[in-house]
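There's a structure below that I have some questions on.
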């Protein structure tokens, strides 16, 4: 396969992995996350630092990076998931901006110049590049999807679905909403971290700009376009939204406009995504009636 | 083992200056059906919400079999055997009827680390869910998406989910509202059956005939305070109660 | 001392301009519970339209009115054709559509008007004010007067008119308001008209004040204003104004004095998170 195709395909798979994580948070647990790119970035920077400054190999650094992302995800999730839906959207945007600012302004992390010279991945002495690296990404995607599939079959996953549909009812049936949301959040951010690790070793150079809020929006668009809450949705979304800009590439100047216009059309007429059609789980208009919010009474 | 399952003592709650419930005390006995009545805004659902853990009372205590439970969150109350339905039905619309019930069956697993990763889609769980659905008369709809059900069936589903918790206490919040006569009769029988099986029931209901017919005892609230307590007969001839529902002067006429 | 006063005046001007953009956002959120991120692109279009009409007519008032009318139309079109049909879906659906609109409109501005930064040199009707040996420039005076006028006008509408009552009712409980006879669809549409018009004014003011109009000018306020409505208390217009002024002054001082090596965007969000931890419903939120 031509190296152009492999390049595009690799990037699509890397984005699909991050989108799978976002699908767990938004699709399975119903929590809005508009800062997912931040966790991709944390995974990327973590592995980049460990393999350059600390001299670890890719395989040694990988589990450490995933744990780091998981911990940060947990710490971010803890306060965020207690706030109301709309607050959560904005809080996650804030997390994205703050994390990117940390990347940009911390000299130890390379500051505005980022981190370069990230080594390639070696497997049994062989360097993985091109097709080899692409295969590694596919394996990771498969692992991630298997984890997602297991999650939907577990009580933990079911509790997330219940919280997504009707949080108050779920809690009156023994589900701790905070625990469910937090589990989904940590799982989702760790997947984002894996995506970031692969990204770092693919680009071999990273800086703060790659993980900005714009990327979070792209990831959410991928997850929504493919169909939230479905298993293959993130993959389908990543393929469609990864191929489109390439098709529009000749129309250089109009590219972004067409992309945005298409996204608008898609979300307007197929809010459930390609795999979900227009039958998204219908959501009663978000209006906390006094006397029905969980949080209100507890405050008094 | 004492006869009293739940003891509510001097329960009060303030919402920003408004005293929604003011110094209410009552007991719920084992195996009894206790009706909680009162005009709109009397504080009935608020009491429910405090017993089931949705609200934390400003003052007062709630005891479940001698153990203090006020302030515990709803999921812990569920684990202690308190099940409830909601006045505005809250089905898990995207899940099937059977899955809705299975969610409640999972109550013991959710807080255990290893339990929560076990699979829920087992034949054992499906059979148990089917049994419960049969009790409420929904086994034909077990594969239907809950979002598609009409109100009558949704109310049955609410009860089914609460039953799946194997509760000691069942809180029913206006479970007859919006139903036709035939549907009401079906649910009345269902509730009597549940009570016979040993579950205590606290029910809020506006339909007087149903409330009087089902309840062993009745508590009437008005403006957040307890107005009367007694058998249906005692309460229905209580002039204060009549006045609360029908207005001043009506009580004097009856007395 | 001179510098300090200048910073305060600049900060208040920045706050006023933030407030004008955020007000529309807060009103729209209040009434429709949608995060109208695309509002920032309405603001950008307002600046461009104002510049275009001013170049055409030479009259800043006509330009402003024309721009307000144009933006009001855009706002209503967005509401009717995009948001309204998506209301029954989970909130991230209209949010993504809003972001898509933001990008599409910014790109449209770039394609139509060109990517270069244009200047907006308008002859302002307000004179410079001199107190002692301290002069407040004509631009600053304009910003103050216009912002103030808008706040007063809006306050009058919200508290003294039936429309204002309807808007407040709908933002508290749409179903209830509708049951009481309020025409919610019209109320929402009018809210968009008001909000978008104010955004147009904000765009023109910012264009004149910084003498810059460019396609990406909406990116700066787009997400900061979200933080501002959270801090102000979701849906509280007065909270949004207060939060905007605090941010305007704080940003100006921090950049001017302290030279903190932090991007200004992150500042707003950090402040937001800190305030949320102290007061979870925002400065003036009710719930």
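Think of it as A, B and C in the order they're written, each chain with its own count starting at 1.
Rule of thumb we're sticking to: contacts are C-beta pairs under 8 Å (C-beta built on N, C-alpha and C of every residue); 3 or more make two chains touch, one makes a residue touch a chain.
Just so we're clear, the structure is a prediction, and the values are computed from it rather than from any experiment.
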| item | value |
| --- | --- |
| Least step count from subunit B to subunit C, where 1 means the two chains touch | 2 |
| Chain with minimal offset from the mean of all protein Cα atoms | A |
| Most distant chain from subunit A by Cα centroid | B |
| Centre-of-Cα separation between subunit C and subunit B, whole angstrom | 48 |
| Cα-centroid distance, subunit A relative to subunit B, in whole angstrom | 41 |
| Centroid spacing, where centroids are CA-atom means, of subunit A and subunit C in whole angstrom | 31 |
| Subunit A, residues touching no fewer than two other chains | 281-282, 296 |
| In subunit B, residues with contacts to at least two other chains | none |
| Subunit A partner contacts - residues on subunit C that touch it in the complex | 29, 33, 35, 82, 85-93, 95-97, 99-101, 103-104, 107-108, 111, 173-175, 223, 226-227, 230, 234, 261-263, 265-266, 269-270, 272-273, 276-277, 280, 287 |
| In the complex, subunit B residues that touch subunit A | 13-16, 45-46, 49-50, 52-56, 58, 73-75, 77-79, 83-84, 86, 88, 90-95, 99, 102-104, 106-111, 115-121, 147, 161, 164-165 |
| Residue numbers on subunit A that touch subunit C, as the complex places them | 26, 30, 32, 34, 79, 83, 85-87, 89-91, 93-95, 97-98, 100-101, 104-105, 213, 217, 220-221, 224, 253-254, 256-257, 259-261, 263-264, 267-268, 271, 280-283, 285-289, 293, 296 |
| Contacting residues of subunit A [partner subunit B, same complex] | 150, 153-156, 158-159, 161-162, 164-166, 168-177, 179-180, 183, 229, 281-282, 290-292, 294, 296-298, 300 |
